[in-house]
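We just call them A, B and C in the order they show up, numbering each chain from 1.
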Amino acid sequence: MPHLTFEYTDNLRADGDIPGLLKKANAALIAQGGVFPVGGIRSRAICHSEYCIADGDGDGDADYAFVHATLKIGFGRSEAEKNAACEDLFAMMKAHFAAIAAERYLALSLEIAEFSEADTWKQNNIHTRFRKA
Amino acid sequence: MPHLTFEYTDNLRADGDIPGLLKKANAALIAQGGVFPVGGIRSRAICHSEYCIADGDGDGDADYAFVHATLKIGFGRSEAEKNAACEDLFAMMKAHFAAIAAERYLALSLEIAEFSEADTWKQNNIHTRFRKA
Amino acid sequence: MPHLTFEYTDNLRADGDIPGLLKKANAALIAQGGVFPVGGIRSRAICHSEYCIADGDGDGDADYAFVHATLKIGFGRSEAEKNAACEDLFAMMKAHFAAIAAERYLALSLEIAEFSEADTWKQNNIHTRFRKA
């Protein structure tokens, strides 16, 4: 934990700098003052090539795009901690896509979901790297 | 909102008409009498090429397929509104795949999930297009 | 139901034997004494080629990998049944990836989620195959 997933439409592939987005996302989570252990942060992006947005560009002059992020975290953070992490992540997303949003139709969204420790099984030796450091 | 995701197995790619499925899905949501703002509808499909269904075609004479849809919506619709949207979506899915289901093993499913407004961050300029219209 | 999804990083593609993982997963669920009808089991894997783990391999000498499994099941199983299924699945995952985990940084995780019957629509003719058998 946490797991972060960015879904994005393939019309953002050329200009969206998804590798940069992923690095900024991890940096934003690491910057939350230890709320999220570094070794547990896993961000990934899924590029969609099959999608239909709104009216499906019915009249041919629109070219909609979206980025939807889902942050799944383990149980136990305070509301303030969760809110701060999401505010920072979403501010980063808006800044990252600001130039694109100024030029085209773009929907950005972020959701957070939490599960209880009881519902999760884990084995992660990446943590050892950061405990040693 | 809403976000609709269709997962499907790649043995449906040739005959499944996924672009048509996505268009029908958006049309079905738009037809819910304004329950879902047009500019917020985002449907996508994920084609799976690595999967195992039931007994994994153990004896070699079956070729299972599935389509699983997940509809995620914002908080605030009534039970009747949510149920009507899902009934219409699933009726569309059954009709869309009726010819295939008559000829092969096919599992269709639809789930709905809802999150509170408090758990979502949004910035969407697609709405402006539909407010202007 | 149930739906099982394995997400994995593409640096596991060569050695991860994902087809074998999927077959073992279905076998583990089938072995739960009828808790999960055979015809409803749908497992799939998603290979991620865009991801960032922990510090993003900042110093260049790490090569992180992860496998994250999500088991979604219908309503009605007991806590003991759910726990046994997850324990068996995760034990299988640890065994499957044991050689890899001994050699590299690898995070394995499994979560379980459940939804009510009221939130699901289904049509599945795969069940007929197993009722006939």
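Just so we're on the same page, a residue touches a chain if its C-beta (ideal position, glycine included) is under 8 Å from a C-beta of that chain, and two chains touch if they have at least 3 such contacts.
Source: prediction; values computed, not measured.
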After a C-alpha superposition of chain A on chain B, what does the rotation angle come to, in degrees rounded to the nearest 5? 120
Same or different for chain B and chain C, when you check if over half of the residue numbers at their contact belong to both copies? different
How many angstrom lie between the centres of chain B and chain C, each centre taken as the mean Cα position? 22
For chain A, write out the residues touching at least two other chains, lowest number first. 46
Within the complex, which stretch of chain C touches chain B? 1, 3, 18-19, 22-23, 25-26, 30, 38-47, 72, 115, 119-126, 129-130
What residues of chain B sit close enough to touch chain C in their complex? 7, 9, 46, 48, 50-56, 62, 64, 66, 68, 86-87, 90, 94, 101, 105-113
